[in-house]
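Please see the structure below; I have some questions.
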Amino acid sequence: MKRLALLIVILSGGLLLYATKDFPSWGDPNSPASTHVSPRYLEKSLEETAVPNVVTAVLADYRGYDTMFETTVIFCAGVACFMLLRKFEPEERDLYYRHIPTGLTLHIKGEKQIPSTSKEFEKIDAIWTPYDFIINTVSRFLVPFIQLFALYVIAHGHHSPGGGFQGGVILGASIIVLAVAFNLRTAVRRFGEKIDGIMSALGVFIYAGVGAFCAILGAEFLNYRALAKILPVGKVMARSHGILAVEIGVGIAVMAVMICIYNNVASEGKFDEGL
Amino acid sequence: MTGNYPALLVTVPLLAAFVIYGCSWLHKRSCLFMALLGLTIPFAISVALLKKVLINGHISYHLGGWDPPWGIAYELDPINAIVLVAVTTVALVNLIATSKEIETRFSDRRGAFYALYLLFVVGLLGIVATGDLFNLYVLLEIASITGYSLIAMGDPARAPLSSLNYVFMGTIGACFYLLGVGYIYIMTGSLNMADVHVLLPPLYHSSAIVVAFIFCLVGVMIKMGFFPLHSWLPNAYTYAPSPATSLIAPLMTKVMAYVMIRLMISVFSPKFVFSSIAASNAVVWLACLAIVMGALMALAQRDVRRMLTYIIVSEIGYIVGGAWIGNATAMSGAVLHIINDVLMTFCVFLSLGAIARSTKGYQIENFSGLFKKIPVTMATFVVSGLSIIGIPPTCGFFSKWYLILGAIEGGHYGFIVVLLLSSLINIILFFRIFEEAFFVYPKTNAVHTEGEASIAIAETPFVTLIPLVLTAILLIFTGIYSGSLIALIIKPVVSAGLL
Amino acid sequence: METIHSIRPLLAILASLFAIPFIVGFSRRPAMREFWTFAAAGSKFLIIVSMLPLVLTGRRVTCTIFEIIPGVPLQLTVDTLGLLFALVSSSLWILTSIYSVGYMRGLGEHSQTRYFCFFAVALSATIGVAFSANLLTLYIFYEILSLATYPLVTHHQDEEARSSGRRYLAYILGSSIGLFLPAMLISYHLAGTLTFSASGFLGASISRKVLMILLIMFIFGAAKAAVMPLHAWLPAAMVAPTPVSALLHAVAVVKVGVFVIIRIITGVFGVNLLKSLSLTTPVIVLACITILCGSLIALSQDNLKRLLAYSTISQLSYIVLGVSLLSQRGLTGAFIHIPMHAFGKITLFFCAGAIFVATGKKNISEMKGLGRQMPITMAAFFIASLSIIGLPPCGGFLSKWNLVLGSIEAHRPLVLVVLLVSSLLNAGYFMPVVYKAFFFKTESAVAGVKEAPLCCLIPLCLTAIFSIIFLFYPQPFYELISHALKCIIGAGV
Amino acid sequence: MDFLLTHLVAKYNFWLYIILMMIGLYAMIAKNNLIKKLVGMNIFQTAIILFYVSIGSKRGGTIPIVEHIAGGGEHAINPTRYVNPLPHVLMLTAIVVSVSTFGVALALAIKIYQRYKTLEEDELLTRIRES
């Protein structure tokens, strides 16, 4: 096997290397890649889409269709993780609770259990699971700032590096921080699985929906110009707004999916306290 | 609105998938209905598109209103229109036929299942319709990821591992394709197929383009399970849940085969493929090897489902061989075989899924007495079997006809011999099963009547049976009308492409 | 020659298919079920007869269903030759249905519904072959026939049936896919068409070697004709119920085989082409070998049905021989041998079946003195065997006569010898049966058996009587054949 | 020397990515542990991403956000001053794809581990054969 692998690798690598001799040298401004299609983006994107960040313009408008499917791929991954891992029926065993004020651990055998509504006690999975006051407080303190930054990244994607994906990931991270610092239950209590699932679908739906809406308004699919018919702006600004709308959709979807993947993978689908 | 059909064809099931997954958290029972809706509309659209293409010829749809090569475009010609129809048909019929099993088997996560099902279809439709090299990669990944997870839902003992192997092979394939596209991009600076087709000719002799072609091709061949690269296929399709098998097994490999032909004709050009890199003979011989090995390995199986997966391997050999012989007849044969093979593989797997209801397993031994027990289902199984063997008037015969004819024209006598040989081996393969299902009785007449009494008829429920019978009938009709299929749809495009 | 467009040929084929739903529907009520079989058989026969006058007035009835492959439509054409064959098989189907009712009920066979259904399908396919206007159509019906016959051959569903079913498939499908199909494709590639024409569609432009190879592929591809060495399926197929052996393995299936060969020689290559290149010598040799070997093996058989099978093998090669002689008389002999042998051989099979129903005996050695118990049956057997041997007062004489003349006409004295020797051999294996039956004293085993039920008896008497009548009124056949010859030979002149 | 200059020095970036890719591919095929295979997969994909991004680079080019260039403004934008944005866009997609694939693959690995309590391929095969 190893020999075969080596053979394959060397063969393919050799082919690739051999082919590089016809490449334009690195960073050559006259290479076909930088002369054929891309100049149009650099020159026109500002006047065609009113978005100075060309990457965003190309991402969400010129090649917006790609990006829609890119978001769909993320969505697929989330759904797949849910479908593959999620276990709904818990295997029954003894229950452990932590008495929050004192940090004592209760061990209850048999059927009886403390109602999940009680603020005093929280359910844990083992006799001893770490409980660190500092980490909890700091992370709880950090979360809102992380989220604020995420929103900024999403909203400011037009003018600076950033956009839906980056912002979405940061948003998701803010919840995942909770899950890591406290435990998964806390995070899920803050941001429920149901909401998460719906939002992941909603986010992508916004993207595709905007596209379909443009089609309904009589233009091509994802042609944001059509939005000018309903927005109080010109055709060019309409594109910019359309881009913002889809970026928001992407943000929501990515956040939800990140959380979904983390929850399922970290807890093997049991949604207990996780890592 | 009709102008937007090409986009809606892909995006209607897409939106449906999102809605289904969202709703599955609120109201589970509505999922099936929405899924059906989300597949019926694209089916109607694809038929409408086929009609449109046949009347107006080639359709080019610019997404987002940006002209290629700056934006992404959908290019529809008669061939991929008919492939689209085949895909939507199979997806819809399969959903109807297997809905019962899905509802019971995945009751707590049916929303996710339907969503992935639809997204898989979206991926395939996009792959077939798109005119952009990179967009193809993204859609390919959608189809693959959904495929992985649908397959992994099968037999818990084996499915996850075989699915993971599929992930590795599939990713290698996709990455190779991506590398190839990168090489094309660095040399031409464009990603749009038509644009690349125009830009390439002066570069045909640059090694970078040759390597790019090789890598794209190898990537696609991994995805379609072409012989030396097929190792993922049998396990993946054997252990998948039967609703997923009867969706993925017919479609994935054939769509990738179509992509190969698309690359050969409309990205690169036959001139480049058949003359600049003189590999066509080698590939045809490889295809011969694929056919023979597939047939032989199928011969070695006792598990019917596994046997069928190996038959797929050899069928892929037919298509590749036909495409690489390099004359219009063989190419049309290959394209026709893509369509026929989608239908017959679908029919055979669907009937197998229905048969599995009344057998303990997929071993040949489990089939005894089935002709008495489920006559109609077995009849459909027989029809699809005969079609795979290539008995007229089922459709399998006619694609073989064109393939052999093309091979005669191209002087590839080895390919002819192999085709006939595999037909003969298929006879053994299938009649092994038919015999098992047919000969149940011990000797004397006296026992016959008892034997009859002992096996009661327990036919498949109608929701499965009716689609199954329709598919079987479709097999024969496609066969009978293959002449017009070739004359109206395939031949013009192919010969236009090859000249 | 003017052609009439009519769907009658199609109807003739579909007639029996239409009956199938009813046959299945009435599976619980045998009487109705068999009524539908008769209805199908009768209507089929009438439709075919109704085309007789048209064809006899030198017109041909065609029915194009549609273009199935560019340049090759799925097309039916009724010419005299096809009509002759169709008439024989459809008329005999009626008798066979009567007979099968008696036989199947007599033995209480299982799943008779399936039996009647596939019988109907097989007949449709047979008529389809008879009427097909081009090679592809012919091939399609040929394959359908092969598959429809499989469940009939393996009707008993036991180990023996299984193994002989395998052999049947291996020979029939293997040869048709392995040899016939490529041969057909190559000729399509060379000629660009597959439609039969009186002068053959394979032009003389093709090299002699290729033509020779094609001819051999076709001859062996049509393994239903049981030309040696591809004959072994026929004795194996004798495990089938007797009516099946009677109609399919004495008339329909095997005659389809030789009919295909006739079509190949007259319609694909064309007599004149073959004559000019004298390509048929190997075929003649093969046929002669088959005739002699078949008869010789038949001599050594004790199982009556197997004996008949081997006799069939040798008799079929008479037809192949006659056609490949390419002389007018030879062709006449070949064509007229189709009905003559059909009636004779089916009678023999009927008798064998009747004996089996009445006594349960399959072997000749157990039939000593049976003539006293079953005089009618054995009498019919005697007449039929005379017809096969080719002695007056039976129709078989005519075909033998013509074949002999044909061999002289073609200046092939050896063939003449072969024919005569084989006649002796035929006598050699038939006469002992009759002799034992009549002139041995009755064995205790068969003492006190009565004649088979009427349903079995009537058909075999009829066929026996017919095979006598044909000697004295061969006119209808001659008329048809003369028309056929006008096309085949005349086209070249 | 000349060869070195034209084919090695000028294009060393491609050489690096290709070597990286080879490492990843080798790990994917030859490694025995599923997680190591996954890591190899990521290396492979990352190598491709680097390759694409390096296609986009231009000597003297800056990030493609047009306002940032003094005097650039809305008109007379000189494309040679910005790097090619397209590869970045494509690779954003590729990154997302690789993340998704990785997620699904991890889920599968977990499922396998839950059942067989190992991720070594040979052990897995033996356990499957046993069961």
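Note that the chains are named A, B, C and D in the order they appear, and that numbering of residues resets to 1 at the start of each chain.
Note that a contact is a pair of C-beta atoms (placed from the backbone, for glycine too) under 8 Å apart; a residue touches a chain by one contact, two chains touch by 3 or more.
Predicted, not measured: the structure shown is a model, and the values here were computed from it.
Peer 1: Can you tell me the least number of steps between chain B and chain D, where a step is a move to a chain it touches?
Peer 2: Graph distance in the chain contact network comes out at 1.
Peer 1: Write down the chain pair with more C-beta contact pairs when A-B is set against B-C.
Peer 2: A-B
Peer 1: Which one chain sits nearest the middle, judging by mean Cα positions?
Peer 2: Centroid comparison flags B as closest.
Peer 1: Measure off the straight-line distance from the CA centroid of chain A to the CA centroid of chain B, and report it in whole Å.
Peer 2: It comes to 32 Å between the two C-alpha centres.
Peer 1: Using the average of all C-alpha atoms in each chain as its centre, how far is it in Å between chain B and chain C?
Peer 2: 43
Peer 1: Return the distance between the CA-based centres of chain A and chain D, expressed in whole Å.
Peer 2: 19
Peer 1: With chain centres defined as C-alpha means, what is the inter-centre distance between chain C and chain D in Å?
Peer 2: 71
Peer 1: Spell out, as numbers or ranges, the residues of chain A touching 2 or more other chains.
Peer 2: 12, 16, 20-21, 23, 31, 33-34, 37-38, 41, 63, 66, 70, 73, 76-77, 80, 84
Peer 1: Counting only residues that touch at least 2 other chains, which ones in chain D make the list?
Peer 2: Only 21, 25, 55, 86-87, 90, 93, 97, 100-101, 104, 107-108, 111 qualify.
Peer 1: Which residues does chain B have that touch at least 2 chains other than itself?
Peer 2: Answer for chain B, listing residues that touch two or more other chains: 134, 138, 141, 145, 148-149, 152, 160, 179, 185-186, 191.
Peer 1: Go ahead and list every pair of chains that touch.
Peer 2: Final set of chain pairs in contact is A-B, A-D, B-C, B-D.
Peer 1: In their complex, what parts of chain B are in touch with chain C?
Peer 2: Checking each residue of chain B against chain C gives 386, 390-393, 398, 401, 404-405, 408-409, 416, 420, 423-424, 427, 431, 435, 438-443, 445, 448-449, 451-452, 480-484, 486-487.
Peer 1: List the residues on chain B that touch chain A in their complex, please.
Peer 2: The contact residues of chain B facing chain A are 1, 3-4, 7-8, 11, 14-15, 18-19, 21-22, 24-26, 61-66, 69-72, 106, 108-109, 112-113, 115-116, 119, 122, 126, 132, 134-135, 138-139, 141-142, 145-146, 148-149, 152-153, 160, 176, 179, 183, 185-191, 199, 206-208, 210-212, 214-215.
Peer 1: Going by the contact rule at the top, pick out the chain A residues touching chain D in the complex.
Peer 2: Going by the criterion above, the answer is residues 1-2, 4-6, 8-10, 12-13, 16-17, 20-21, 23, 25-29, 31, 33-34, 37-39, 41-43, 45-47, 52-55, 58-59, 63, 66-67, 70-71, 73-74, 76-78, 80-81, 84-85, 159-161, 165, 261, 264-265, 268.
Peer 1: Using the touch rule from the top, collect the residues of chain A that touch chain B in their complex.
Peer 2: 12, 15-16, 18-24, 31-38, 40-41, 61-66, 69-70, 72-73, 75-77, 79-80, 82-84, 86, 88, 194, 197-198, 200-202, 204-205, 208-209, 211-212, 215-216, 219-225
Peer 1: Which bits of chain C are touching chain B when the two form their complex?
Peer 2: Touch residues, chain C against chain B: 66-70, 74, 107-111, 136, 139-140, 143-144, 147, 151, 154, 156-159, 161-162, 165-166, 169, 173-174, 177-178, 181-182, 185-186, 188-189.
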